Amino acid sequence: MGRLLLRCADRAGLVAAVSAFLADAGANIVSLDQHATEQSGGIFMQRTIFHLPGLPAARDELERDFAERVAGPFGMDFRLTEAAKPKRVAIMASKEDHCLLDLLWRNRRGELDMSVAMVISNHPDLADQVRPFSVPFIHIPATKDIREEAETRQLDLLRGNVDLVVLARYMQILTPRFIAEVGCPLINIHHSFLPAFIGAAPYRRAKERGVKLVGATAHYVTDDLDEGPIIEQDVVRVDHRHGVEDLVRLGSDVERVVLSRAVLWHCEDRIIRYGNQTVVF
Amino acid sequence: MGRLLLRCADRAGLVAAVSAFLADAGANIVSLDQHATEQSGGIFMQRTIFHLPGLPAARDELERDFAERVAGPFGMDFRLTEAAKPKRVAIMASKEDHCLLDLLWRNRRGELDMSVAMVISNHPDLADQVRPFSVPFIHIPATKDIREEAETRQLDLLRGNVDLVVLARYMQILTPRFIAEVGCPLINIHHSFLPAFIGAAPYRRAKERGVKLVGATAHYVTDDLDEGPIIEQDVVRVDHRHGVEDLVRLGSDVERVVLSRAVLWHCEDRIIRYGNQTVVF
Amino acid sequence: MGRLLLRCADRAGLVAAVSAFLADAGANIVSLDQHATEQSGGIFMQRTIFHLPGLPAARDELERDFAERVAGPFGMDFRLTEAAKPKRVAIMASKEDHCLLDLLWRNRRGELDMSVAMVISNHPDLADQVRPFSVPFIHIPATKDIREEAETRQLDLLRGNVDLVVLARYMQILTPRFIAEVGCPLINIHHSFLPAFIGAAPYRRAKERGVKLVGATAHYVTDDLDEGPIIEQDVVRVDHRHGVEDLVRLGSDVERVVLSRAVLWHCEDRIIRYGNQTVVF
Amino acid sequence: MGRLLLRCADRAGLVAAVSAFLADAGANIVSLDQHATEQSGGIFMQRTIFHLPGLPAARDELERDFAERVAGPFGMDFRLTEAAKPKRVAIMASKEDHCLLDLLWRNRRGELDMSVAMVISNHPDLADQVRPFSVPFIHIPATKDIREEAETRQLDLLRGNVDLVVLARYMQILTPRFIAEVGCPLINIHHSFLPAFIGAAPYRRAKERGVKLVGATAHYVTDDLDEGPIIEQDVVRVDHRHGVEDLVRLGSDVERVVLSRAVLWHCEDRIIRYGNQTVVF
């Protein structure tokens, strides 16, 4: 099974061109989703899942052909992947276990289409919990003072080795240099509220404001800290009987679910980014 | 803007054939959704929205051409509609106003892409509430004893005049003859629970069972009463402080929202039926 | 049926003192909820529903006795109301009808325990829709330039005549003077997002940010515009296929439900305010 | 901190009697919730959390006094527990890990107020996953043919040793004899649908029916299999793109959350049963 994702300026004949190309190549379209941001003149995005016997051997040639015959003429960005090749993923965490363990556990159950290459943490605390999953746990101390050195060590491990980095409650800031050099997308999870509380002690401030919902947002990481394209959000109801600790606990429940959905969709190549937004097919 | 919905046995080349046909006809695909029930050998369904200048004039020819060149060879059921032509809808109600008024009100706001041809009720109670919406209100008494006569009068009004009948808490049973002869789909709303309570006094029995959720299901009507293809469902939380009356009130809130979603999606030609299921694109 | 709401510094014996007082007075406690903000040393709040034959006649004396024998010694704020006396409510609206009509419609169904004294609008547009509900519709033009004069006219109508003012999408700013002089609580509804968008065109900006949820917040009005104690919040899921207009439509659906819940709870004396928060019993 | 739960026929003076008793005993009421099933003549239930220095030593005498002076005269069922004494819990599971692991993991985080005495399984598969949590894993084979023998072995381990048995996807039927002799409540989790699917292969049948929601119900176990008092329910949305496997996966997510909430509430003594219902304070 192959997956073809593409994005270009909208114009007539795009779907026809792509589906004709795939039919010519002997591929059967199993699923096709597309979206145009405007009725006309917007951005066009498409995700096509196709079945093509012998895809692994034929892939490079198919990619070249598509680039030459379709993507070039239409000015498309595109990505061709094989469903059978799970994404290689690194998870970065600090001391909190809920997001990290949920990802590892779901992956062991076969729910996530990924291969976890390593867990990197700036604390040693979670090593014992990661070990039973047979995933390398690498402790790289990181603080504001040794950020550059820490990031260099992290980059040495990550660059070229993974297709995705998941920040599963990793509590250190990553520099623009890290994001530029890591060479793959990063997904982050953070709390989110209505209205939002940015900065320190969000749950305490949310409690003081008497919010009736707490939630979480998973997003791609960009240089604008916590402002990257949103992938998924969800909330849970709270009331006056919930103290700050309860908000944190219930927020954690939402965080792990929201993050795992975002990672699943990324690993299934369901997400296309444009502007500061995502389309999730 | 045109909408092309189709359903057939899955096989290679379907998307290509349809999109090539539309490109040839000078149409630009604005949106395309498709779904196959199996990876191969299942049922294939597709909804395509396309832009074609001069569609109203060209429509009949386009339909003939498509039937001949694509639908015939591939054995497709298909439907070609114009977005600019709102569905003609009849609403049938009894004494409860929440579903009926919500549909009329949403339509007045322009939220639903429909033209309400008439409201038929077996009681006169709601006439005053319907009048301000400038929609004909027709009172046709109906009981078990005069069912045949009542249905004959209803069919005289409906047959050929409407594209959809919405049962907005219409509390009389409709016979298979009515469903066969009315000549258009019917959408119904009924309560639904976890676990479900079929039969009389559902909210009282749900209360006795101590349910923590009440909900509603909108579905197409078939001869199997309340067992037709589900279009939409939703629920709301309740607890021990809610009495039977509260369950009814909260259930009504869910009913009107679920029914209006189902009607909206139908009027936008988003729904394709197969077996006893629906695909909602 | 009587309702006794109270708030004071927490200390031992509060529940005992209140329930002994009510038992002495011949009242049977039907329902009692209480909440303390801390395990000790916090604020104590309690809502008690009691049954007392002859309450309307005995009310004034009961209130005096309670003030003298319980509220005084314990330093309580309290409020004693009769369930049989619905709150007198004024609704203020502008051009959008969804919140206003939903309140009027729910009240006609008997869902809200209130008597709508008047609708005040700064536009004449909604007069025709209000009339069938037999509620006075008063048009008081209001703009930034004539704010003081408009508020004076509004206050003349409201002061002493209503127990609650509901801002059902009233799009003019109210001055601190108005809030101080109106002499009753005000409930407002506004959109809310994760992360929040303050200021103009919130739905457009939310769309640009690619949010996956839109929501609404009902709150009491204080001098801090839109920052008063939250009563209720809810959200609905959206995705990339929803345009700005869809967000507005779906947001409206949440707004009317959230506002009607807040008004219901207020009218049932379920809400106690403290700090910038609410307890909803 | 002490917890007093009681249930009796409703009558005037109940709250006063209980709170006077506690005040006399030097206890400060931290939280009090009560519920009457009818306005008068129904069942009265109350949960009181109180602070009393020296409770562990004074407990037995307090219990005797309360029985004599309050519970006896008012015909109350009651239960007096200490918050500091976590419930002793046995978890029974088969091959599926999601509910079991979530309970163990939440307990390790300190989210659940329980001490897990043992895990009993009719399969050895989950032993490796339980071991890191330092909880005894006991494999007791159980099939229809050796049910009596298996239950005898289970009862030998459970009777007198635990305060609660949680069936975390335990796939064997338990006999009325087991339920009668185990001497403590049992909580079970099962899927639930709108409309419900009882019997084998529920997710496949739900898929064939085209449901738009899948859910889970946690309930106390009675002799009527899967018909005991509901503690908690929740649902998640699905659509036509979800296959049977997706329904199972998403259903599992709901199951673990719903079960963990039910167990938490039970361990915090929040639940009072009456008839076939629960009150969750």
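As written, the chains take the letters A, B, C and D, and residue 1 is the first residue of each chain.
The rule is simple: a contact is a pair of C-beta atoms (placed from the backbone, for glycine too) under 8 Å apart; a residue touches a chain by one contact, two chains touch by 3 or more.
For clarity, every value in this text was computed on a predicted model and none was experimentally measured.
Participant: Give the rotation angle, in degrees and rounded to the nearest 5, that superposes the C-alpha atoms of subunit C onto those of its identical copy subunit D.
Facilitator: 180
Participant: More contacting C-beta pairs: A-B or A-C?
Facilitator: When the contacts at A-C and A-B are counted, A-C has more.
Participant: Taking each chain's centre as its mean C-alpha position, how far apart are subunit A and subunit B in Å?
Facilitator: Distance between chain centres, rounded to whole Å: 36 Å.
Participant: Calculate how many whole Å lie between the centre of subunit A and the centre of subunit C, each centre taken as the average of the chain's C-alpha atoms.
Facilitator: Each chain's C-alpha centroid was found; their separation is 41 Å.
Participant: Using the touch rule from the top of the page, what residues of subunit B touch 2 or more other chains?
Facilitator: 35 - these are the residues of subunit B that touch more than one other chain.
Participant: Give every residue of subunit A touching subunit C within the complex, in rising order.
Facilitator: 35, 192-196, 198, 208-213, 215, 217, 229-235, 239-241, 275-280
Participant: Going by the contact rule at the top, pick out the subunit D residues touching subunit C in the complex.
Facilitator: For this pair, the touching residues of subunit D are 11-16, 19-20, 22-23, 26-36, 39-40, 51, 237.
Participant: So in the complex, the part of subunit C that touches subunit B is made up of which residues?
Facilitator: Touch residues, subunit C against subunit B: 97-98, 101, 105, 109, 111, 128-129, 132, 249, 253, 257.
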